[in-house]
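The two complexes that follow have chain A in common; it is paired with chain B in the first and with chain C in the second.
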Partner chain A sequence: MILHRVRDGLPLMNLVSLRAVPILQQLHLEERLLRSSSDNWCIINDGTNRPNIVMGISGRPSELIDLKSVLRDRVPVIRRFSGGGTVIVDDGTIFVTFICNKDAIPGLQPYPHPLMSWTGQLYKDVLHGFGDFHLQENDYAIGSRKFGGNAQSITKNRWVHHTSFLWDYDIKNMEYLKIPSRAPKYRSARPHVEFLCRMTEYVPSRSTFIERTIASLGNHFSVKPIHQDRVIDPSNTLHSSSKLLTRQELEEAYSSLCEKLHIAAISV
Partner chain B sequence: MAARLLWASRVASYLRISTFPRGFASVVKDLKYADTHEWVKVDGTSATVGITDHAQDHLGDVVYVELPEVGTNVTQGKNFGAVESVKATSDINSPVSGEVVEVNTELNSSPGLVNASAYDDGWIIKVKMSDAGELDSLMDSDRYAKFCEEEDAKH
Partner chain C sequence: MVMALRRLCRYARPRPPLPLAAIQSPRPSPESAPPPLSGLSSLLPLSPLLRADRTLASSSLYSLFEGSYTATRNRCLTTQAWVDAPTGEVVEVPLAQTGEGIAECELLKWFVKEGEEVEEFQPLCEVQSDKATIEITSRYKGKILQILFVPGDIVKVGETLLKIIAEDAQSPLTSECHEDATSLNSDLCESDSQRSSRKGEDFKGVLSTPFVRHLAKQYGLNINDIQGTGIDGRVLKEDVLNYAASKGIQEERPSLSQVNVGEPGLLKEGKAFHMHMLDEKCYEDTTIPLRGFQRSMVKSMTMSAKVPHFHYLEEINCDALIELKAAFQNENTAPNVKHTFLPFFIKSLSMALSKYPLLNSSFNEATTEVILKGCHNIGVAMATTYGLVVPNIKKVQSLSILEITKELSRLQQMASNNKLSSEDITGGTITISNIGAIGGKFGSPLLNLPEVAIIAIGRIQKLPRFDDDEIVYPASVANVTIGADHRVVDGATVARFCNEWKLLVEKPELLLLHMR
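Let's look at the complex of A and B:
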């Protein structure tokens, strides 16, 4: 039996607050904490340093991204360790990740739907008064417009739920992403500009959102800030399956796609 | 209605399937089960492994299965692959130790077999077991059925 740390009757959660850390580094940190820590963690990364495309574990570049423009503009493409869809993230994205032991929340089963539902309720509390928040299928939405994309990874005794929140975004960046064939019903085939919304139009400031998230977590955990120097270790890629796709991989995907479509691959 | 229930229970008995009192999440007799919801079918030193009906029901529609390479060594209780469902990857843990001798490549094009046929066409790997004694630590179908009921009742 593993004894988990408790304070004031609530399980402990370590809080790591980051600013503009590269998303690949954040993903490596998350996997390492998932697989080799027995503590509960919340990681908040306020923005990332440059635009990156991040696909889920089963993502196929030819189906999800506009390879020609991605190759032309040298946009990094990452395949992450969790499930779910494709996002493009940049300094307008706020990342919030929970890494928990399976018994951290009483009565919560460590399966996709219960985790989605629990986090949905947490963010409903966070965003109370700022907009008509919904958990729409597996997205966070205001009305019918998505502002937060979710993904999870579940192991024998622990789980990760991570979210990329669209505080703000550049519509030009969204053009790198195709409309996925596997999309939620409520999307109704809408293009990105009609499907998404910006949190900045609803919430007064980034810090308001972050502070309210931490406060809401305090209803379930005893939150303890941990300095990033104690956890960030860019050289430690143990347990890291999240990978940056190489240019060669992207070029091969582009060539195969052109062959399949019987069009000439333009050198980019 | 009573006649249909009687017929259903006779078919279940013939197919050696038990259904829970609530009528969902089946188990198959003669398989062994891990508390992480994988099943194993033993034939000599060969073991076929998959995830249970309880697991696929709770995970949702499986859209991708990450399979190990043939020749990989697996260890009882440790993860060897993953399934993707909804937005989650979920580890699959091996109920036995040994060497992977075959993987179900049908799952590359039809991952939904894990949902539709969890105990049959949805099998995931075949293992040449290194220690048949490990099977003693696994649950039989009755004990696993009770385990699932207790787990669901806690939440």
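Let's look at the complex of A and C:
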């Protein structure tokens, strides 16, 4: 039986605040905490060190990214351990991850939709007064424009819900991503620039958003800051299924795509 | 912490890869209705429709997983001879409802293999639905009998994931007892029931899965009023159905077990609609999963719609054609052959293409090149019960009308039995659709990429027309619509091509002049 630590009647949550940590390292940390810890965790990474493309667990590069330009510009491509779609992240992205035991939140069933609703409500409180926040299908949106994308991984006793928030973004980076064939209905086939928005246009500062998120968490958990040195261990990849795709893999995907197009064009 | 460590150890245990030769593809039992949804801890059956290409594609993905997760496709599919006779009940375990609106999941990987002993709550596989990867645990202690899906497969909620010989398995009715999707232990369940409810639901004193709650809601029932027959008083699907029946509420609902899960491309459309017409279910929505040819049509038409089309309409006088067909039939040298108009349209089309080869080409967008095809491989659109298929007759320029007729008949036969080979359906250079055989005067057909032209022939109608002496007479007239890729072909070219074709059909004697 797992003993859950509680303080002041609320379950304990360890908070790790990071700044510009590489996203792959963050993903390794999250997966390790998901699989080998029994505590609740919140990871906040304020920006990542350089632009990276991050696909979901079953993402196929040829379908999701513009391989030619990605190869040309040597943009790192990562396949993460959770489901969901493809994002390009950089120092304008704020990451917030919750890793919890499935009974951490009273009455919350550990399924995708309830988790999405619960976190949606949390961020609604965080952004109250700054914009017309909506949980649009599985995205966080202001009005009908997405500013946060979500993904989850649900295991036997725990779950992780992580979000990449677009504090700011470079439209040129978005061009590395294809418009996905599988998109939420509310997207209505809009290109990236018409579908997304920047939090910086609504919220005064990054720290405002982060502080309010931590405060909102405090309504559900007893939040305890943990220094990153106690948890970050770049050499420990025991449970890491998030992987950086090699150049060879990307090149093979690109060649195979070209071949398919070529065959389709001259089929006899 | 101890339990977490124990799990760590289990995952870290290396599992040897199994020989490829041992891979078999088990058959499902499509006739058996999958047991009611029993939560996330259920297992998913493997589809018998194993796709070899999927094997190769997914093996590269799973080689990325190190150490902990060592399930590979090879492992999953290996059968292992039973040394001991299996005891206990065979339970078919379906993919449970993982949330509202989630109708299917992609199977990502297996953690177990056939023949392996599993414990209750042991993780069995991982699936993905939309944004979430979800670990599915076993509700039974027992032995894996048969795995029915492979990584990469899309599994519908309710489809049997795998079969397990459960120790101490109860009867199918009460095997529903382990309804909890994430294998909550009994202590946790009790504490769950005491906690405050989620919005719109009341957990007090009632244990059940989200699916069962949803089902009760569908019937307009308060789940708290229903006596649960599962472990710890859990309310099961049967409890809801029985309660609904006792209340005189319409008993049968279109459950997921009625969703067509069959061979690729098989659509039991007629049967499903017939059933619905017979009773009040005719007001219910029916979900039809698109497979096989229908699924391909989704993809191909989506791509086709991106090409700038233009459509050209012309009227062809078929009087001479009708006479010719009658003559063929009367002088029938091959009694088994039924002569129709289509082979003639096809042959004359090929003759016209010899003069206008641009309409028998394909466009390579990447290199902005047009490839004029040497062969006239004329595709004929066929509507079958499995969906729209377009097999093609190869090298029509070298075939006689009789040969075309026979080949057409062969392709029609194969199509109606869903036995077309890949050779039959690839390599087409232009497509003809005799939609008029079913009905209609005009069409605006979409291109069958990468071809640049498509022809739809409407119904032959008897209409009044003027002859050369300006006297009205009844003419057999068919409207043809030519759809073309405007990136490659212009109106003038299509018009001239069509004039040529029209001439050959209206004056078939000209075919003799040009025929080789």
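Criterion: the second predicted complex is superposed on the first by the 262 of 268 C-alpha atoms of A that agree within 3 Å, B and C clash if a C-alpha of one lies under 4 Å from a C-alpha of the other, contacts with A are read in each partner's own complex, and residues count from 1 in each chain.
In the analysis below, a residue touches a chain if its C-beta (ideal position, glycine included) is under 8 Å from a C-beta of that chain, and two chains touch if they have at least 3 such contacts.
Here the structure is a predicted model, which is why all the values come from computation and not from measurement.
After superposition on chain A, the partners chain B and chain C collide with one another. Of the two partner chains, neither chain B nor chain C is touched by A:Ala215. Within the superposed three-chain model, A:Asn138 lies in touch with chain B and with chain C [touch as defined at top]. In the superposition on chain A, A:Lys243 contacts chain C only, with no contact to chain B.
Of the two partner chains, neither chain B nor chain C is touched by A:Ile179. Of the two partner chains, chain B and chain C are each touched by A:Asn150. With both complexes superposed, C is the one of chain B and chain C in contact with more chain A residues.
Of the two partner chains, chain C is the only one that A:Ser38 touches; chain B does not reach it. Touch criterion met: A:Lys102 reaches chain C, while chain B stays clear of it. Within the superposed three-chain model, A:Pro112 lies in touch with chain B and with chain C [touch as defined at top]. Under the contact criterion defined above, the residues of chain A that touch both chain B in one complex and chain C in the other are 56-58, 81-85, 107-109, 111-116, 138, 150-156.
Put simply, chain B touches chain A in their complex at residues 36, 58-60, 63-64, 66, 77, 79, 82, 84-91, 93, 151-152, 154-155.
Those residues of chain C whose C-beta lies close enough to touch chain A in the complex are 1, 3-4, 7-8, 11-12, 40, 60-61, 64-69, 98-102, 106, 108, 121, 123, 128-135, 137, 152, 181-184, 187-188, 191-192, 195-198, 203, 210, 362-367, 371, 373-375, 377, 426-429, 449-450. The part of chain A that touches chain C in the complex is made up of residues 1-2, 35-38, 56-58, 79, 81-85, 102-103, 106-116, 138, 150-157, 237-241, 243, 249, 258, 261-262, 264-268. Across the complex, chain B is touched by residues 56-58, 81-85, 107-109, 111-116, 138, 150-156, 182 of chain A.
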